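Chain naming follows the written order as A, B, C and D, and within any one chain the residues start at number 1.
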Amino acid sequence: MANRITLNMITQRSIEEGVAMEKGKTTPEYFEACSIIEMHDDDVKALGLVPNQLVRVTSECGNVVVKTVKGRQSLYPGLAFIPQGVWANQVVPPRTQATGEPQYSGFPVTVEPVNGEKRKSALELVQGAVGMWRGDQ
Amino acid sequence: MPKKVENVGCPYCGVCCDDLVVTVSDDGKQILEVENACAIGNQIFHHATGSERIRLPRLRQPDGTYKDISYEEAVDYAAKVLYNAKKPLIYGFGSTNCEGMAAAAKVAEKAGAVLDNCASICHGSSFLAIFDNGYPSCTLGETKNRADVIVYWGANPAHAHPRHMSRYSIFPRGFFTGKGHMSRKIIVIDPRHTDTAQVADIYLQVKQGHDYELFDAFRAVVRGHEIPDVVAGIKREQIVEVANILKKARFGTIFYGMGLCHSDGRNHNVDIAISLTRDLNDYTKWTIMAMRGHYNITGPGAVWSWQYGYPYCLDLTKKDIAHMNPGETSSIDLAMRDEVDAFINIGTDAGAHFPIDAVKHLRKHPWITIDPNINMASEISDLHIPVGIVGVEVPGIVYRMDNVPIQYRKVIDPPEGVISDEELFERIYRRLSELEADEAVKEHAKAAPEGVRAGE
Amino acid sequence: MKTVTLTLTNPPKLLLEGQNITPDNFAGKNTAEIATLDLWEGKQKIPLGKHFTVAGDGGATAAETKIVLRGDCTRVKRIGQQMTAGEIVIEGNADMYIGGWMQGGKIHVKGNVDSFCGIGMEGGELIVDGNAGCHLGSSPRGEWRGMKGGLIRVAGNVGSDTATFINGGTIIIGGDADIHVSTHGEGGTVVIKGDAKGRVGGQMVKGDIYVYGTIENPLPGFSMVGEVEQEVDGETALFAHHIGDLGERHPVSRGKTVYANLYTRL
Amino acid sequence: MSELIIRNGFVFDPLQGIRGDRMDIGIKDGKIVETSTLSAPRTIDAAGMTVMAGGVDIHSHVVGPKVNVGRLFRPEDKLFKSPHKSPTCSRMEMGSSVPSTFKTGYDYARMGYVFVNEAAMPPLHSPHVHEEIRDTPIIDNAAMPVFGNNWFTLEYLKNNEIENNAAYTAWLLRATRGFGIKVVNPGGSEAWGWGLNCVHIHDPVPYFDIAPAEIVKGLIETNEFLGLPHSVHLHCNNLGNPGNYTDTLDSLRLAEGYAPKNDFGRKQVMHVTHLQFHAYGGDSWGNVGARSKDIMDYVNAHDNITVDMGQVTLDETTTMTADGPFEHHLRAQNNLKWANVDVELETAAGVVPYIYSPKVKANTIQWAVGLELALLAKDPMRIFLTTDHPNAGPFTRYPRVIAWLMSRAARDATMKTFKWLDRTIDATSIDGIDRELDLYEIAQMTRAGPARALGLTHMYGGLAPGMDADVAVYALNPGDMPSDPAAIENAFSRCALLVKDGVVTVRDGEVVTEPAKRTIWVDVKVPENTQVQRDIYEHFLRHYSVKLDNYSLFEEHLHNSRVIEVDTTQ
């Protein structure tokens, strides 16, 4: 069992994200729809994860804590998925290959289990990044 | 008596369903029921009247809180930010009407701003490919009436465009496709076995980031050449089988999505898809279409093209000529290169949808959000200006993913006092004109005695 | 040859657009006149002298004018754009579009450059001692008539999209190249002395590419046809010869189909 | 409102038969008036200059989806090619062969034009067309919906149901706020839905079991049944191919036996557009030759036909047409980027950049063919100056085309640049034509003629009292015409003065004001037709991808409407 593995990350829309986004990005629905990661069973096993376990995902430009879930839409081993949204964008590299488009799909990340840490809310992540987070109000 | 409004357009995705029936309460203030919409569209209408809305612009205070201000003050603030910046960026427009986009362009031209829309992080790759290779396409009704082979490549309509398959591609019975699903072959190509792949006759699990190689293999096979045993994770036999289906189709459409636009090579993945479509037209009829995301994200590309000849990433800072080069004049690159010194986020949520590094760069400077709702961008802004929700409270023209204009209706009034994007930008334009006139007077007085600046 | 030395003493807050910094624009002008040429920072037009200290006068013609840039020009774009003759030496880094649409003369950058350098090039020489970004020697957006002539030499690595739509001229990369080399090419030569990541020669009609190192992801549309000895950049070596892109259209000349050539060093 | 008097110009008004007389033109409240009715007019001195009505363009692609594709997909048509914004105009002017809406309006005005007919509107896209019309300053616009491949039209005409087709046509004109019946490659663009074409007028349309000839005849009958201001406006089958002149003659003959029926002074039943593209002999680009004479012999002898030139200007441009199969064919010739838009139940469109070069024999022959058509014409009231903008060249080249028409020396100077001059001369008759048109004939070809063909002589094309006060003044003295053709070109490029709707809009070649422009459309009253209503309902229910109620243009998206009413129920 590995402490951490390197995976190829993609981030795309999910319908749960779509519905929750229209409801509001500060809602529990949005939080549950987007602060998750899907991986292939082999990779889940390799990390010794149990369902719903939190992991830290680290890319060249940041890290984020998300929950491991088993998605309906299967991936092949080595590929990982976080739905488009605030959590994914903590790790999406802003490099664009001079096209304007960030590297939303196909960037290396390491995934490792975390203990004693919580997932952060969308507001804490975004406001925190720009020094405007004032704690839970 | 509650009133039913029919033929309502849905302000969610590029499918632009225009068959919604919305039931509005007696007093015209509550949306009671929405028929025909998908789960997401439903949510938009119900959210409009079912939650607390922002009714006044809010200005950030030194203590970090927001304070309500008047529209007049907000317009003045926005105009001054635009006026004083050396290179302001106005970005968004995923969720507004074309009238608002035209008004915003007038502002950007007057202010000398960069004008960009969400395509910049979405189907901008498609524009780059269209610039280089064209776009053999059709309207969605053509696909419905004629297509017997459908390809979804790097697109997942089951999640992103929920009614796409039932309205236009897989399930509907059209003029020459009376058997609906039975008369069509569905091919899905994606690294994930998506919910869309569930309805495919053939699913190819392409190795992520290697779509270009797979397209190249298809093209080589279509021209009768040999290819390696395995390309991008797909066996040669399967590639040959699919290539034959493509060639033998009566009418085919390739729908592609972010899987091509967001991965390595970006525009080139789309570009070679266009090349394949061109090739196939030597044998039969093939078309290709970008699965544009928001209901009117095709709109700014249309409006700004007729106004300036460029669909996005317009650098209007010279005020007398427009320049476009994504990679330079694109929002993310401008942010990461620290090239802009003011940011207006309109009808989108850059706070949530930009990589966080880009958000950090932009937040070094004034940030204004124009949006009906609270979102991540509004919560880190200096100023948040609420506007009416297009398609619910504000009518107007929107462009569907196939560039067909759809006339959207108004279902209910916006909250009292809340104005439209178009009116807001018209007011900012007038304020900018006033500021410019003031400056012209000052400059005139100043310039006369100083003479030429040679040798400075 | 007369030399004008520009020293960036007052760096811009955001960036500078320096399309006026060419021998063509400096020729026939004295120090004071050069200092009044326009630079742009966003919507603001600024005289060159506000950011640069200017020393020396321009020559009578562009060909007789040399420009030396000192100071950190990492945020100065478009130096040498559309120049037809003369010489520019940039002592350190420079930003985008260096040597863009260049027709003649020589630019030597001693540091790194960003994207879109040598874009739409027709002639002359662009030498970069460091690395270059994306779209080196590429064509502008939508333009199918890409690089037509001239020489670009980058000692270090380059980003993606080198030589897109190349039609003529030569590009020599000392280091590695990111994805997409000579995409849609219809002529010209690209030499990569290091490794190439992939998509080398995609949708290519005509032209030559040499790769000395490895190609991480070769395209299925290229097929090996033999081994050849070739002289490249002054040295002779043995190469595997591939033709392609077999997925793309190709012209027929004297009854024979003309392909693009990809040579990988053996 | 203000009064104006334009004094002492040499007036050319073919609608009134005025041939360069020195006259004053009175203007009051936006209309031409007798000068005697003016009380205190502002005077504009036009002494020594040429005065004409504002120009009228019968066929140009200036607004709508395929024009916009042309703009969108050609950034290289702007880079280093756009002018800097004029300080007297309100908006930037971007683009070259496919200008922005703003540049389109400004440049037409600078040339002294006031009315431009958009040559092809896909009905499904009419809200788009009207949005662009809104953003095209100064000039008035109309737009013709395309009918030649429309499923309703094909079905009605197959069964020879002219009345039903007329009812549908009236409905569609109103739904799209359209102006008249445009026919592009009849049947061929529907066949293109399957990757096929109808090259000849008797080729059957797949499934619909009707031939182009029947479509054209049926639409002529429909048009005259309704009595529309304009006639059927036809883009023939087999555009742009060597040897196509026989197909063109076949198409022209379809008008035989039909006479115009309308209250608008229109004399033709068929307008054949961009004739240059349809007048080629030979059977390959190797032996292609001009057949202008055969075509013009026919046109000259049949006065129920009008035509326009589609003159090749030898520029890099952007081709765009509802003739989808043609554009597919063209992209295989030049291998450049290709956009295609098939529109459900209605039409198709393609867009491909193209470079007309004096070094290419086919192109220089095309250049000669266009000029021959005009120079062999007996009646300049029936042949109009166009470049099928931007297909054969941008409209901004009209002044150069005028110079070629007015000056043998101008033609000779251009021919000197041809790489294949001898072969061009061999394949054409241009070198044997000395005719030079005069200003009266130019006024016929650029205002009076097109206005009459469009059925708009009560508003445009002339200077009689009661007509719109649209007046162009050019710095040309008819008694002392410049020997240098470039001077003619310059004078027509930048008019000395344009009055639009009574407002001084251009002065010394610069736009000085941007008066409100208008949208011209035709509203036809027909008896209620329940079958057609039902057919419309059915097709929208089953085959369109938009709802019927969202298809017709909403009133709020029609800008500055100027309706022409036609009542067939009387």
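Some observations on this one:
To be clear about the criterion, a contact is a pair of C-beta atoms (placed from the backbone, for glycine too) under 8 Å apart; a residue touches a chain by one contact, two chains touch by 3 or more.
None of these values were measured; they are calculated from a predicted model.
Common neighbours of chain A and chain D (chains touching each): B, C.
The innermost chain, defined by the distance from its C-alpha mean to the mean of all protein C-alpha atoms, is B.
Set side by side, the interfaces B-C and A-C show unequal numbers of C-beta pairs in contact, with more at B-C. A centroid comparison over C-alpha atoms places D as the chain most distant from chain A. The distance from the centre of chain B to the centre of chain C, each centre being the mean of the chain's C-alpha atoms, comes to 33 Å. Each chain gets a centre from the mean of its Cα atoms; for chain A and chain C, those two points are 39 Å apart. Chain A and chain B have centres, each the mean of its CA atoms, that are 23 Å apart. If you average the CA atoms of chain B and of chain D, the two centres end up 34 Å from each other. Under the contact definition stated at the top, the residues of chain C that touch 2 or more other chains are 115-116, 134-135, 140-142, 144, 160, 179. Contacts with at least two other chains are made by residues 73-77, 336-337 of chain D. Annotation for chain B: residues touching 2 or more other chains are 128, 131-132, 264-265, 319, 324, 326-328. The complete set of chain-chain contacts reads A-B, A-C, B-C, B-D, C-D. Residues of chain C that touch chain A in their complex: 115-116, 133-135, 159-161, 178-179.
Looking at the complex, you find that chain A touches chain C at residues 97-98. The touching residues of chain B, when paired with chain D in their complex, are 6-7, 9, 18-19, 98, 102, 106, 109, 127, 130-142, 144-146, 167-168, 173-176, 250-251, 278, 281-282, 284-285, 287, 301-303, 305-311, 316, 319-322, 324, 395, 397, 399, 403-407.
Those residues of chain B that touch chain A in the complex are listed here as 12, 39-40, 43-44, 47, 51, 64, 120-122, 124-125, 128, 156, 158-160, 162, 191-195, 197, 205, 208-209, 233, 258-259, 261-267, 293, 313, 326-328, 330-333, 335-336, 349, 351-360, 363, 373-376, 379-380.
Taken in their complex, chain A has these residues touching chain B: 8, 10-15, 18-19, 21-26, 61-62, 72-76, 79, 81, 84-86, 89-90, 92-94, 96-106, 122-123, 125-127, 129-130, 132, 134.
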